[in-house]
Structure formats: structure tokens, C-alpha cells
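Across the two complexes that follow, chain A remains constant while its partner is chain B and subsequently chain C.
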Partner chain A sequence: MRKVEPSRLRAFLASVRLSLLLFLADPQWVIPATIAPVIFGFAAFELYQGSGATLVLYAILGAGMMSMWGQTLYGAGWATGQDRELGTLEPTLSTPTSYLWVVFGRIVVNAVTGLVGGLVVFAVVSFAYPHPLPLHAPVEFVLLFAFVLVTLASVGLVLSAVYVYTRYAGFINNFGEFGFYIITGSMFPVVLLPFWTSPIALLLPPTWALDALRYASLPGYAGFGWGFTGDILGAVGTMLVYLAAAGSVYHRVEQHVLTVGNLQEY
Partner chain B sequence: MVDAAISVRQLTRVYSSRKGFLFNEVTRTEALRGVDLEIAPGELFGLLGPNGAGKTTLAKILSTLLLPSSGSARVLGLDVVRDAPRLRSRIGLVLGGERGLYYRVSGRENLRYFADLYGIPRAERESRITEMLERVGLGAAGDQRVEEYSRGMKQKLHLARGLLHQPELLFLDEPTIGLDPKSARETRKFVRALLSEGVTIFLTTHYMFEAEELCQRIAVLSKGKIVATDSVAGLRQLVGGDRTFEIDGYGFEDAELARLKALAGVSRVVTEEFGPRLRITLRVQSPELELDRVARALPGHPELEVRERRTALEDIYLDLVEEEPA
Partner chain C sequence: MSPTIVRAPNLLRVLWTNAVFAPRTTLGFMRIDYVLGTVLIVPFTQMLFFAVVAQLAGNPSAPVAFVVLGNAVAPVTYSSIFSVCQTTDSEKHQGTMEHLLVSPTNRAALYLGRGFLPILTSMATLVVGLLYAAFLFHVPFAAGSAGSLAITIGLLSVSMVGFGLLLGGVALFLRTSIILGNIFLFIGLLLSGANFPVSFLPLPLQWVGYLLPLTWGISAIRATASGAGLMTLLPLWGALLLSTAVTLGLALGLWGVFERQALRTGSIVRF
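Take a look at the complex of A and B:
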């Protein structure tokens, strides 16, 4: 018999491919990926359109972020939950590939569809708003938009381990989702939140990345005291911590589920 | 000496479950209680046992999907706990059933995904998938969505997936459960073909005839312990012979049953009630004991029906499982 060696890249790409196929095969994702962001965007536009272009931009950025985060976390987490439901978690874990790479592939697909959602919001509101949106640095804006997604994915990677850990992860996810919108400053500036939330906010890479994105998009924006560079460093630093933690978290979760023997439960 | 394909020593597995919210009540269930097992390379080994006996638990531990509570298990010379990632590329697992497949994509896509997770070389991947689909009889249905598959087709896809990476050892957990007779027969034929190719097979099943037809050796697992391991012929001797007499009649007295038990060559007497009718089953070791000798031991029963048949694996299994104390 021929001995085979799995590669992480192969597993990652296989996961990306399967996620895309499942995504396209199940039209329910059209709603969170494209329709919901447009509704968020219009709601933000209606609320802020009389307040000037800068506030409109702030609001649609928040709406875009919400859709991206929702798609990243919910989609990635649910993909693992779906493995439980379909009974595919056991066959997947019986392969020599670490499940972390499978989840990573799913998160990337969901993050990209989230990015599409965020861009849909931006495009729709730009079209509907009578004045051009005052993007401070358009190139940096696009790059940072993608960067925010990467930071969201790093958090999603750690949180999706909960779906491997327990079949009740959906409850935890739904509970945490809205808190995350608020804490990271998606909709409201972090400085408006109670003081005790700040340390939590600063532990989340998207908080920093969102602030950097606003520096690049809003003229005269004054965010955290560390400025744009400080935001980038904060985002990269916290993101690296999350990525490093993901490997350890997945190893521990895998050991736990093999101990309790709940892989087949859904 | 050839190393064992599977070697298990004093393996135990305890499940803990919690009930309640504030005041958790922890229930411990011993699924395996000190299992010892040795399986040779190239052997088709069957594991029989009633529901909840621990068959699937043992199969999952040996295939690295569950950690044992104590004891040790080595598969293909590798420890199932410490060497799990290395072992996974050398073993195949077929859990079967309706679940375990991505049903919104085709059978071929399912195999493609798992081929990548097993690291099958890209150059070989498509040809291997096509070959496996043909081999399990899904050649024409490979590009259909799995949700359109029948139960038998899904089972075939499970088999194809389990064999895609050409494992040296295959775990088959009740591979024919729920299949129609034709599909079940095809599956058994396929399993025999794998054996002839040198694949070691660990089969758990509820079906006695399947185990009898396929397995070279059989272990009977009852309440988490192996109560017997041998070939079917060896198990027959263990439970008292390969001849079985069945006596159907009415109103037997205890003294008559005792008389039957005292007959030379009778090793075991089992009774079953079918409404008012009683069936007495005798396990017979001696080739000399004749049916009319048995009938003569029950003189007051003119309506008696006495017949002889070969001791079936089901008889052996029931004898062994019912003997095991709680």
C-alpha cells in the first residue's frame, strides 16, 4: 500500500472548494451575503443622510462591517456546526489533516463573501446618496477593507473551535454576535461605550482594524490616540496572538471531543 | 514473528454524562471493561454484540476517533493515542448510514474533498476517484448529488471514501445495516475482494450470517467485555457442539427437562416459550446421540416435533451473551 502525506495547503484549498460549492448549492446564503447588507446600508443611509457625507460614510462602514462580521463568524461557525449535523465531523477528523486547516478554508470563503456584502453596501449607498462620499484615501480604504476581513477571520478561527467543542455553539454565537458589533465599534465609536468595555475592545483585532479603516476613509477622523500606524500595529499584534492561539485551541478542543466522545452529536 | 495488525490490552472506556443545570448529576457508563484483543495482518475479524455492548466504541478508539479511559491499543504498530495523525493515513473507517456525507454536492465531489484531506497525489486523484466509483458500482451516479442517492448508494459512497487512500486496515461498522438484500450481498462480495487484496478488516455487525459468511475469527462483546474469541468452528465447540436438536411441544415438566440434560452427549438445554408452546433447544456434542433417543426421553408427548440442525452462529452468540452475568 502506498503511504500518502497530506499537505496543509491541499486541505485548505479543498476546504475552500467544498465551501464554495456548498455555498452555491444553498441559496439561503444570498440573504446574509447580499440582501441583508443592503438593508443595513439603506437603514444607515436613511438615519444619517441629513447629517453630512462624513457621518453617512461612518454609518455605512458600520453596516458593511456588521454584514462582514456576521458572514465571517456565523458562516464559518455554522460550517462546523453543519459538519456535526451532517455527521461529516467524524470522517473529517479521521483523516490525517488537522481540522484547523479545514476551518481556515471555510472562514476565508465566508470572509470573501462577507467582503462582497460589504462592497455591496458601499456601492448601493454611493449610488443612492446624491453627493460623492468623501473617501480620504481610496486605495488604502480598499486594502484596509480586506485587512479588516483578515482580522475578523482570525477571531472567527478561534471562536469556531467552539462549534467543534459543543453542539450548543449556535447559542453562544448568537449571543456574542451583537455584543461584538458594539464592542468593536462597528456601529458606534468605542469611546462612546462605558470605560470598562475598552480593555475588551482592545483585545479584539477588528477594533483596531476598523479604526484604521476609518482613518483611511473619513477626512479629519480622530480615533484612538495611537493614530493610524498605532492601529495597524495593534491589529497585527492582536491578530497574531489570535492566530497563534487558534492552533493551541484547536488541539485542545480536538483532545476534548475525543475524550468526551460527542463528535456524532448534533 | 509477524506483528499484530491490532493489539489491544486491558482497554477501558467510561462515558460520563451530566444531567441538570445547577446541580449536575454525573452518570458514568462503562462501555468497555478491560478488552484484550489480537488481530493478525490480512485477517477479517468480526466483532459481534448486542446494542450497547461497546462495538462502535471499540471501533472508534481503534480508528483514533475516541480516547480510551485506560489500557493500550496499537494498530499497525502505532499507538492509537500518541501516533493518531500518522495512523490515520494508513487506516480507513466506514461508519455507514444516512449521515456522514455532503449531500448537496455530488459523490465525486465528496471523494475529491476527502482525497485532498488524505493527501492523495493530485496526478492520481481523479483516476483513483473514478476507479473507486466504478468499483463500488457508482460509476454512472458519481456526478449526481448525494441527496438523490438511495440508502444503498450512500453506503457504497461511504465504502469508496473509506478505501480512497488505499488503507492497510479497514474498520467497517455495520456496513450492511439498512441495505436491501441485493446491496448487502454486493457489499459482502466487495469485502471479500478486499480481503483477497490483503487488506485487514475489522467488522462490527449485528448480522450473524454475515459474520459467519465473512469472518475468519469472531469476538463476542457483551456488556463491554469480550466473552469469547475464536473461529466459528471453535465457538461451536465452546458452546457445546455443532449439532443442535430442537423439540417443539406443550406442557413439559421440570423433571423431563432434567432428563434431557442428563442424556449422554447433551451439553446445554435452552427453553423458549412461544405462547403455550415450548421450544427446547439441545446443544449436542456427541455424534452418537440420535433424535429418537431424545424423543423416547419424553414419552408422554405424542404431538412432539423433534428435528436436528447445525448449530448456527446465532445460537452460539445467544448462548454466550445470555451466559454473561450482569
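Take a look at the complex of A and C:
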């Protein structure tokens, strides 16, 4: 008898659709995750606007990036936590499709809704700033922004996998948020940070992707010495490691729940 | 049969009971790991983030020391406003609000007692933030400013918790306090002069900024650090005291209003 493989894409799309519907049903929940990036974006704009249009772009870009980060962290934290609270974790894990694809759909939607924060800052800054913004290569900018989003989602996947095993998801979200913003250089080039922080920063795919985005869109940007191509290669490489790690951890989680059956009582 | 003795609840006992129990039951961010995170991690990361932004900006009106000091003070909103405003929300979620509303307990003691521990954690957050500013970011403090700093820290902590209790009063009427808490958790970074002078803002936003106790607290801390005299500090301390009186009065007023509405309609706990 032929074994029928469950469709991962179908599970992923269904998860995206449901997450989107849940978001539209109660969109107020975008506020807790994006209010901080929006406020930081405005604060940075106030500081940067006297120093030229390029730095103003930093503020907009940073707000968008941080907003997606915030939503990704929040979404990753809740991706399994909510299943636990509602008692749907074990039934979902017992379906033929890997849980990874269900979580991935949720995280992607969260990261996309994080764009709201960036758009708010962009709209207000465009209105308030009297000079044109020197955005080079807008098409590349959009593509690379989407790429940054995917790298964020890969980190979100790993975090959500780790969160299955810990009660500290809320703690990491609340107190790690600023740390993530700093270490990935969301509002400034990472090279401004002390040198010893660079290896930690480079462990995160969004650091590479954001540097590539700035190389492509900011005139005269001086980031990592290996330039745009090195950034893209680094982002793809680290992202693949993250995806492999997430896949491995989720596989272990599924084995664990089938063997021990105490996942609900972590 | 012995007569039933009905004893009026002791005011201080209610105050103390709420001070002790609220952190374990209804206040947000009160687990020990969260308290340590609020006191030790948030000030450092927030100061570092905005210090690098200020360094890159090179804005002469908001130098790094100015921004660092503002962000040494601003994290106090976590332990005061964000933690405290959840107290009424939690009562509703836990299904204990009905019992509170029918108890004969003095409302002022019941509500204000909840602010006791957040005042202490707020003071700890401010002290740690200022220590980071002095020793990690090398912000200069005027010699002999310790006494004035202590007074400012005390007044600011009380007034911020008062503001949190006021938001908690508003949250009595809301479905959730998290949205409100998050907005006021961060809005101070924009309107209080933590990162740039309040004068940078459009006039209406400046007025809103001056309604926040954080604005006066940050001004008082900066004035103290620069060695300002009593003539400068007294009006700032006065503003913090006034803010405390107004917010606590409004908070208790809101309790009265919503309690009457709850007893009349029986709907307040159905958030």
C-alpha cells in the first residue's frame, strides 16, 4: 500500500491563513509587540534628523526591523505557549504533518504583521521630515527586506522550539528584546559596538541580512568589511544552520511527546 | 449561643495584607526572575541601546551623557506603571473582583497597599540605573548630590506607582490592561525628555509630556546630577508630589465610579 505523505505546504498555508484570521479578528495584540519599536523609531528619528537624511533612513529601517523582531519574538513565544494554554498542543502534535510547519506559518504571519510598526514610523517620518529620503535601489530594498523577514523567522523557529522545553519564554521575550535589538544592530551599524560583541552578532542571521540591506540601500554605508556578497552568503549559511537546528529540535519534541506524553506539563 | 462579634477591618492590616499578597497574586512582573530582570537587565540594555544611537547621531542638544541619564531613569516604568496597572485586570481574570467589591474593606487601604512593593522595586531600578550611568557609562555626578538623589528617587518612585494605580483604575473598565500598560511603558521614552529635550516635540505633545511624572523625575535627576541647588530642585520635587496627590486621588475616584457602576449593572467583571 502506498504511503501518503502529508502536504507540508498545505499545513503551512493553513497555519498562515488561520494566524492571519486570528490577527484580523483581534488586531489590538499587535500593539504590545510593536509599540516599543515604533517609539524607539521616533526617538531615534528625533536624534538623527539633525544629522542628515541617511541617518533618518536608519531610524525607519531600524523601526521596521525591530518591529518585525518584536512580533517574531512574541509570536515564537506564543506559538507553542498558546497551544499549551488552550490544550491543543498534543492534538496538533499528533497530526501527520510535522508541528514545525504549523509553527512556521504562525511565525511568518507574526513577522509580516510586524511590518505595521515600520510602516507607522515611515508614514510619520515621511510627513515630518522636510527633505527627500535617499533610498537607493527601491526594488532591491523590498526584496532584501523580505529576506530579512525570512532570516528573522528562522530565529523565531529555533526560539519556539526551545520554548517547548522552558517556562522562560516570557522572560526571554521581555528581557531579551533590547539585547536582540542591540546585538543585531537594528538601529545602528554593528561595527559601532565593542569588537568582542561581533562574534555573538554574527551568530544571528538577521545581523548579516540587515547589513546586506544597508549596503544595498544606504549611500556610503560602511558595514562589515566583506561587503554585500559576504553578507548574503553569511545570512544564508547561518539561516540554514538555524533551520536545521529547528527541524532537529522539533523532531525530538515529537518523539518526546510520543514516548513520555507529558509535554503539556513541562 | 455566643454573640457574633463583627470587627471593623483594621486599616493598617488591610494595607499590609495587600502589600504582601498583591505581588504574589495580581501585580505583573513580580516573579523573582522578572524583578531581577527589571532591576538589573532592562536599565543596562536600554541605556546601551540609546547611548549608541546618541553616539551615532552626534546631536549636540542630546549628548551621550544626557541620553544615558534619561534612560537610567526611564526603566522605572516597568516596575511601577506596567506592573501596577495589571492589578485590577488580574482580579477580573482570576474571578476575584466580585468578592472584592462586596467586601467592607476600606478601598484606599485595599488599593494603595498594592503599591508598596512596586515602590521598593522602582527605587531599586533607579538606584541600579544610576550606578550603571556612573560606573559603566562614566556620567559625571556632582559631589554631594547623594542626598538630593535619594529624595528624588523616593519621590519619583511614589509618583510613578501612583500613576500606575491610576491606570489600574482605568483598567477596571477595560477588557485588558496590557495594551494600556504597554503604551504607557514606552510613551515616556518619547514625551518625557529621556532621549532628547522636551522642547524638540510639537507643543501639544510637550503639554502631554508635562503631565507625566517621569518628565519631572528625569528633570530632577538631571538637575541633581549637575549639582543644582534647592531653588531648582524644590519646584521639581513639588511637581512630583502634586502628581502623586492627583493620580492617587483620581485612582480612588475611578474606583468609586466603577464600583458604583458595577453594583448597579453587575457587569464590570465581564470584561
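FYI, the second predicted complex is superposed on the first by the 232 of 266 C-alpha atoms of A that agree within 3 Å, B and C clash if a C-alpha of one lies under 4 Å from a C-alpha of the other, contacts with A are read in each partner's own complex, and residues count from 1 in each chain.
In this section, a contact is a pair of C-beta atoms (placed from the backbone, for glycine too) under 8 Å apart; a residue touches a chain by one contact, two chains touch by 3 or more.
Keep in mind that what you see is a predicted model, and the values were worked out from it rather than measured.
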item	value
Partner chain in contact with A:Leu115 - chain B first, chain C second, else both or neither	neither
Partner chain in contact with A:Leu93 - chain B first, chain C second, else both or neither	first
Contacts of A:Leu18 with chain B and chain C, given as first, second, both or neither	first
Chain B versus chain C as contact partner of A:Gln255, first or second or both or neither	first
Partner chain(s) touched by A:Gly50 [first = chain B, second = chain C, both, neither]	second
Touched partner set for A:Phe42, first chain B, second chain C, both or neither	second
Which of chain B and chain C A:Val102 touches, first, second, both or neither	first
Touching partner for A:Ser7 - first (chain B), second (chain C), both, neither	first
Residue ranges of chain B touching chain A (in the complex, touch as defined)	15-16, 57, 60, 63-67, 85-86, 88-90, 93, 95, 97, 99-105, 109, 112-114, 116-122, 145, 161, 165-168
Residue ranges of chain A touching chain B (in the complex, touch as defined)	1-7, 10-11, 13-15, 17-18, 21-22, 25-26, 86-88, 90-98, 102, 255, 258-261, 263
Residues of chain A touching chain C in the complex	28, 31-32, 35-36, 39-40, 42-44, 46-48, 50-51, 55, 58, 168, 171, 174-175, 178-179, 181-182, 187-189, 192-193
Contact set on chain C toward chain A in their complex	29, 33-34, 37, 41-42, 45-46, 48-50, 52-59, 61-62, 67, 178-179, 182-183, 185-187, 189-190, 194-196, 200-201
